[in-house]
Amino acid sequence: MTADVFLFWFLALITVISGLAVVLMANPIYSALCLAMTMISVAAIFVTLQAYFLAGVQIIVYAGAVMVLFVMVLMLFDLKHELQAFTRGRATGALKIASVGILSGLIVGAVTIGLTIAGRSSDEVISAAAAGGVVDTTRGLSEALFLKNIFGFEALGVLLLVIAVGTVALSRSKGGTHARD
Amino acid sequence: MNQQALIAILLLSPLIGFFLNGVRFRSTNYVLAGSIATIAVLISFICSVLLFLNLVDLPPEARRITANFFEWIAVDKFKINAGFAVDQISSIMILIITGVGALIHLFSIGYMHHDKGVTKYFAYLNLFIFNMLILVLGDSLLTMFVGWEGVGLCSYLLIGFWFNDSAKAAAGMKAFITNRIGDAAFIIGMFILFMTFGTLNMHELNMLAPTIAESSWLGAVTLGTMMLFIGATGKSAQIPLYVWLPDAMAGPTPVSALIHAATMVTAGIYMIVRLNGLFIVAPNTMMVIAIVGAATAVMAATIGLTQFDIKKVLAYSTVSQLGYMFLAVGVGAFGAGMFHLMTHAFFKALMFLGSGSVIHAMHEEQDIRKMGGLRKYLPITHATFFLGWLAIIGMPPFAGFFSKDEILWKAFSSSQGHILLWAAGVLGAVLTAFYMTRLMALTFWGKSRVDKSVHPHESPWLMTVPLIVLAILSVVGGWVGIPHVISEQIGHIPNFWEHWLEPVIRKLPTVVEGAHHDETMLEWSLMGISVGLAAISALTAYIMYTKKEGASDKVAKAFGPVYQLVNKKYLVDEAYSAGIINPLIEGSKNLWYYVDVNVIDKATYKVTDLVRGGGSFVKSLQTGNMQQYAMYIGIGVVVALSFVLMR
Amino acid sequence: MPETNMITTIGAEHYLVLSAILFSIGMAGVLLRRNLIVLLMSIELMLNAVNISFVTFSYYSGKVEGQIMVFFVMTIAAAEAAVGLALAVSIFKRFKEVNIRFFEHLKG
Amino acid sequence: MLSALIFLPIVFAIVMAFWPQKNTVRHLALGFSLIEFVLSLGMLQKFDSSTAALQMVEQTAWIQRFGISYFLGIDGISVMLVMLTTFLVPIIILGSWNSIDKQVKGFHAALFVLQAAMLGSFLSMDAILFYVFWELSLVPMYFIVGIWGGSRRIYATLKFFIYTMSGSMLMLLAIIFMMRLTPEVTGGYISASLLDFYKLNIPFVAGEFLTPQTLLFFAFAVAFAIKVPVFPLHTWLPDAHVEAPTPGSVVLAGVMLKMGTYCFLRWVIPLFPEAAEHYAWIFIALGVIGIIYGALVAMVQPDVKKLVAYSSVSHMGYILIGLFVMNAYGVNGALYQMLNHGISTGALFLLIGMIYERTHSREISKYGGLAGVMPYFTIAFVIVTMSSIAVPLTNGFVGEFLILLGAYSYSPVVAAFAVTGVVLGAAYMLWMVKRVFFGPKGELVKEDHHPLLDLSVREVVVLVPLIIMIFWMGIFPNHFMDFSKASVDYLVKNKMDYSIPLSPNQAQAQEK
Amino acid sequence: MNTMLADILLVSPMIALFLFSLIPLSIKVLRGNVEQSPTSTIIISLIGLFLAAGLLIVFGGSGKTAFNGQLVFDGLTQWMGLIAVISAGGAMVLMYENPATRGLQFSELIFLAMNSIVGMLILVSAVDLITVFIGLELMSLSLYLMIAMSHEQKISKEAAIKYFVLGSFASAIFLYGVSFVFGSAGTVNILDLMENAAVLIKTNKVFMFGISFITLGFCFKVSIAPFHAWTPDVYQGAPTPVTSFMATAVKTVSFAAFLRVIATKPLIGSENLFLVLQWFAVITMTIGNVAALVQTNLKRTLAYSSISHSGYILVGVITAGISQNSAFGASSVVFYLLAYSLMTFGAFAIVSLIEKNEGSAIQTDDLAGFAKKQPLLAFCLTIFLLSLAGIPPLLGFFGKFYLFSAAVSEGLLWLALWGVLNSAIGVYYYLRPIVVMYMRDGDCDVSDEKHFGTTVAIVISALLIIVLGLASGPLFNMIENSLM
């Protein structure tokens, strides 16, 4: 148990720190790398929650595909200078930070109040069938995915096709990176 | 002939005349226009006479011919017929109106023949006669009011007849608006009476009038009659609404004779006499009427002393004489008031026509300082004017004497009377004698001050005939109402007048108690005083203005500022415009500027500005920065969640 | 519950709080960063937070649907990233900038 | 019958819009409007003036879900206003023969739509149907002022539209609210029928503002008060009048203002009798203020049209008083005064339009001595002026007198104040007449390069019917009042639980 | 297998649309990447749309669920889907004739548009929150690309990026909410949530959190203040046909999905959330109207007007949420959306016609003289604007009438009051284009490009606004019956 606890705290710490770093790093490349770090630690968290398949997908899709995309685009831009990393204006900045702070406070508060206070265990609130996780994850997952959620799956297929066609079209459209005229 | 048909013809004849002339108002054929108009009025006159004779045939209590042509307004309990009634009072009035009216029409043919608008003029005159007949015949206050306003309208049109002159047009407007003030009160008076008695029929009102006099100032009858009286002050040019009448002299002179001397201006007195049953139970109103009448009589007479415009003098004289009549009805001498109304109609019409003749002869010159010695050139005019003069200053046995005397006696003796009222009356008579003599002297007698370029000439017969007829009437007109004290002496000539009016006039008891003989003596002595004083006054004036050159100026100088004040008509017009009219107009401008433009519209603009300001504010929030937008989303989420959670 | 349990016993709430923190960090990034690409990264952070939440709930309730959702979310996040970057490239070509302060022509 | 009356103008409007020939448009429009007038005369022929019942009822379900029906009916309150509308339109068309020179087709189409909308709002017996027509009437008017108006037309027309619209929005809400209440009286279903509204008994607590009846009363009353317009809400009127083209002014003054007062009588008073009675003093006071204020302000206007516009404010003040004293005199007088005002003010605007066509100015100070140059015009103007200042034997007198009588029986004080309008009315009108027609020739009158022609035959034809009406209505008011008396008396007597009875055969028809 | 077939029949409109969207693209590919005639593209796609609409009419509306209860095909689906398909079809006609969208990439654009409609149809039929999300993203992502594909160079890119960033931000919020709902209720299927939503929201803060987030996410999509800020910028920046697409079809389906969520009745349980929404509605109406008042750009004015209309519609949504019988409120929303789509489409269509080139920004004052040059179109625009302003007897008035009656019947009098007050403000800016068109002189005219299709579409929608306005009763009954 202690290993689990330690693992959680460790991963949580990494996630938060790298997450913060994404936002705080002035150089976007560093941000991107930190984001990759976050992704990986989130994948690890998935593992602690016994979502092994998802952890794999997370690594492949995010850390692999998405991150590469980000870095590539950043390279493409070849930004020499980042004049101002953060928004200027104290009032709005303070307002933004305050609203984010309050929001996180609210969420944390709601979660903790909702789940732990008032003498109820989290199990009661989360409508739990059997706490402790899904046994045969990948199988259950694939059944759920291809039988129950087949429509969503197909729709996602359409979505991806659309994205593909769309982004290509965009790049080839008038004034795009690959415009013919 | 059917009496209703007679009334219809009586009314319609001038109306038809109006239309006949009205449709061809641009014609300058004065003969045709004049004939149509005069014949129309003559037909009416004949009808009046026939109606009068019909009336005479009836027993005294039943002397009332009514004609209901149609229901005019009928709403709920308020039912007014187009109903007309000829009774003792109105029959006299229609005789005066159509009779004097016909003469004046005749006179006008001569007087107006050179005017381009002659046809229009006659159309207006006929319209006036029509309205005046409605006024006197209407059997309810509302039908009377129709005529009441109608004559006001005609007066407006005729005063402003020469509309190219701004002042004349303004005079017409002034007349109408001043009258309207009275009319407004009249309307209220009608409401009070209708709410009290449930009818506006004058006959019924007289019947329904309570038998016990009202002592309260706020009683329905007192208030109602007071309001009607205010209406009358407008129409009959009494204080404080008399100001329009002198200005009304801007109209053609025959108009002044017909409307502003003989007929229309007497409508107020006529109305009060018609409703005598009602007025008599409102002693407070009566008192006010008497005081106002007396005051007007004196004040107008004093102004008359100082005027130099021949028509203005006559106008103030008219105001003064009307004051007399109000004094009469105010002291309960309704018969005397009517009597004076009639005699005044004769001699004042005569004098106005005479002045018209003079003006005509003098080529539109009205300033008496530029006349003098006209006796030579205008013998007939002078002669007739002379008779009129005698009548108005109350010399026996001319018409004015009897009526004026009756009024003074009643002012003294009636229970509503007072010695001060009598004194005022006498003072008025003295002043009248003075300024009328002054007028005579300056115009006809003494040396000629006529401009060399003007060659006065006697008027044509068309104009002199009416003068003569009226002169005769001015002489004999009074003989129908010879007071008892005199008739006893000269052979018991019955007082036709009193006899005739008796059934429709409610009498007040006389105050002076005691033996019959004492009363007779008193009456004789009072009569003597007034006639004597008037005669002295006339003589003084005669001497001052014919014999002693410059005496008048000395007197004027002696009075100094008082003279100036009187000459300027007590500055009443100026006071009105400074105190009422100008503030009203300036105030209205400010009202418009401040309330409409600066308050209401500004408020509207403020609202729109507020909305627009909101719009600009929202616009300023829309900075284009997407993080700003994201912040709004964040704030929205935070606020919503806080609210949802903090329940 | 005793205080110690908060640290030693890991429950759903721990994961959820972690997710909330990550979400807030992402949100702060969206609100504060000026670089368009970093903005997109911040959105990815938020989506990751969502994923943690889903998986947590899925784990603790024993329902596999949660993971399906994560699967969908990931796909869509990837698609979004693709579109976002495509847009970023096209806008960069026009404006020669990825600082969002330069994209303020539409306003008012 | 009534549907034909409403929809014929719409058909006309459509025909007008597609009429190919430009030069016969006016003739066509005149013909159409006369057809409509004849049709309305036919309706009048059939009208039974002896009963207060709703006649010529047409009712078909329209939006059943909300109990909204296409429900038309006519009774004594509306019949004369319908006649006024159909009577004025041909006159307007003839009167604007020359003054409208651009987009002639569009103008006449708008006029016909306007006519239909006005007739519709007079004849509707269904709240929503009424609202539809009420709002619809704004649109053509908006265009008439906005397209064919004067220099500040856009400001004026927007002001007009937004003022009126703001008021009627509240009314819409009130109507919806009332519809929610109807199931109490209809046995469970929602209804927008006015007759069902009448049956409602909305609780009223005297002195407490936030009670249903009071709020509904004010929601309706404010909407109508803007239209009338009642004193502090009147500022759109002078602007709209001044900028509107002549026919626009005539319709506006002649009929549209009446829609406001008519609706007070049709809606506000019978629907919310207690509130109307309790708050009558407000409206009477505003009426009195309107009379005096309108007159005073009219007096100092430099622009003839603005003067007449303010005189409308003054006259409408009378009508408002007449309505809210709620006795037979006042209401009858007010109803009659609506017709009078329609005719006399309509005629005044036409006359002003005629002179404006000649000189292109409405500055009073630039005129003077017109009477010598245009005598016929002057005669007509003076007659209409007399009607406007309510000289007896003209129509204005009867209405004004009855209203004052009603006001007096309500409270002498009111009558005392209101009667000042009689004086002030004469003052501003005559002063204007004096400055325009009398005195020495003014700047515009003496100019030689445009000799001022007197009335043309067409203009005489336009004016004569109006002048005939002025006297006819003044001398034989019963010919007109008899149509409305039964209904008004019924309303006044039963205002506390008012409901228009259906005539027997119609009641049968409805049962079926 | 039978159930599968039935399911496929139910989703056949989407399939048909998808297949038809592929045709022009395939042709282009087969022709060696050479753009074929846009006319054929638009005809094929319109056939597809008609087919989809027909299939929707035939198979939709039965109340059946498909794919394990993830989609439901009831009256709401049918109506909203039809409105979306038709107005999207109109928008596509505009794309065909607008210089900013017509060109070498036309078949791709149409492909995106059609797939966006597929997303819409998913959105209107989805009852599973995750399917809702997929539909939403399919629709939105296509849209972002469509906006960015405009021939206009800068503004449209900016609009696309703004829309994209904020949209993704809102999606994340929405998804976070979904995760909470999932966690607390164990399901994300709205139909399953129905029974215990009202109880859950009272007892379970997490659920309430989730539902609030979901609600706010929708608020973003339908541009409810304070989540509206993207709307004016994006509407202005996007090519006008796409704006029309967004303002009509997208908004309709977003509201449809919103309505479905609200119909789970969480509001009955949470008065606070319900109050917040009411306030949002009020703020939205007010902000939309007052801001529209000070705009000079016609498209931007219309964008703000669209925001204010969202506020009105939200009133109906709230009504549907709190009333026991949500059919009344919901049908008033559907009716209003129908009216709104027609008139907004018409207004944008005319703006689209006036645009001379891809970069032109139409100011309100540019309309001067339009009535002289194009009386018919000016008349149609007048109809649209008056209808938007809520002047009877046009459709817009009845839309407002039904909305406010629904609100009043649920005791939301104050919302209705705000609504009518705002309508009065709105009148001003709706009248201004009319003023300019008719009452000012100028030489505004439509562009020289062919505009037959657009004109036909405009005239048809103007006629529909008049006719449906007069026949609104039966129409409303139809809608309400189908929603029962």
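So that you can tell them apart, the chains are marked A, B, C, D and E in the order they are listed, and the count of residues begins at 1 in each.
As a convention for this text, a contact is a pair of C-beta atoms (placed from the backbone, for glycine too) under 8 Å apart; a residue touches a chain by one contact, two chains touch by 3 or more.
Everything numeric in this text was worked out from a predicted model, so none of it was measured.
Q: Suppose chain C were not there; which sets of chains would still be joined by touching?
A: Taking chain C away leaves a single connected set, one piece.
Q: Computing the C-alpha centre of each chain, which chain sits at the greatest distance from chain E?
A: It is B whose centre lies farthest from that of chain E.
Q: Chain with the smallest distance from its CA centroid to the overall CA centroid?
A: The most central chain, going by mean C-alpha position, is D.
Q: Compare the CA centroid of chain C with every other chain's and tell me the farthest one.
A: Computed centres place B farthest from chain C.
Q: Looking at A-B and B-E, which one has the bigger number of contacting C-beta pairs?
A: Pair with more contacting C-beta pairs, A-B versus B-E: B-E.
Q: So the centre of each chain is just the mean of its C-alpha atoms; given that, what is the distance between chain B and chain C in Å?
A: Computed value for the inter-centroid distance: 98 Å.
Q: Using Cα averages as centroids, what's the distance between chain A and chain D in whole Å?
A: About 69 Å separates the centre of chain A from that of chain D.
Q: Which integer distance in Å separates the CA centroid of chain D from that of chain E?
A: The answer is 43 Å.
Q: Between chain A and chain C, what distance separates the C-alpha centroids? Give it in angstrom.
A: The answer is 4 Å.
Q: Which parts of chain C, given as residue numbers and ranges, touch two or more other chains?
A: Residues 12, 16, 23, 26-27, 30-32, 34, 40, 56-58, 60-61, 63, 65, 68, 72, 76, 79, 83, 86-88, 90, 94, 100-101, 103, 105-108 of chain C each touch two or more of the other chains.
Q: In chain A, what residues contact two or more other chains?
A: 87, 96, 99-100, 103, 107, 110-111, 115, 126-129, 148-149, 152, 156, 159, 163, 166-167, 170, 175
Q: Would you please name all pairs of chains that touch?
A: In this structure, the chains touch in these pairs: A-B, A-C, A-E, B-C, B-D, B-E, C-E, D-E.
Q: Please give the residue numbers of chain C that touch chain A in the complex, ascending.
A: Answer in residue numbers: 1, 7-18, 20-29, 31-35, 37-38, 40-42, 44-45, 48, 51-52, 55-65, 67-68, 70-72, 74-79, 81-83, 85-90, 92-94, 98-99, 101.
Q: Which part of chain B faces chain A closely enough to touch in the complex?
A: 625, 627-628, 631, 634-635, 637-638, 641-642, 645
Q: Going by the contact rule at the top, pick out the chain D residues touching chain B in the complex.
A: 159, 232, 234-235, 238, 293, 296-297, 299-301, 327-329, 332-333, 368-369, 371-372, 375, 379, 386, 391-393, 397-398, 401-402, 404-405, 408-409, 412, 415-416, 419-420, 422-423, 426-427, 430-431, 433-434, 437-441, 475-478, 481, 485, 489
Q: Under the stated contact criterion, what part of chain B meets chain C in this complex?
A: 619, 622-627, 630-631, 634
Q: Applying the document's contact rule, which stretches of chain E touch chain C when the two form their complex?
A: Touching chain C: residues 130, 133-134, 137, 141, 144-145, 148, 153-155, 157-162, 164-165, 168-169, 171-173, 175-176, 178-180, 182-183, 186-188, 232-234, 236-237, 295, 300 of chain E.
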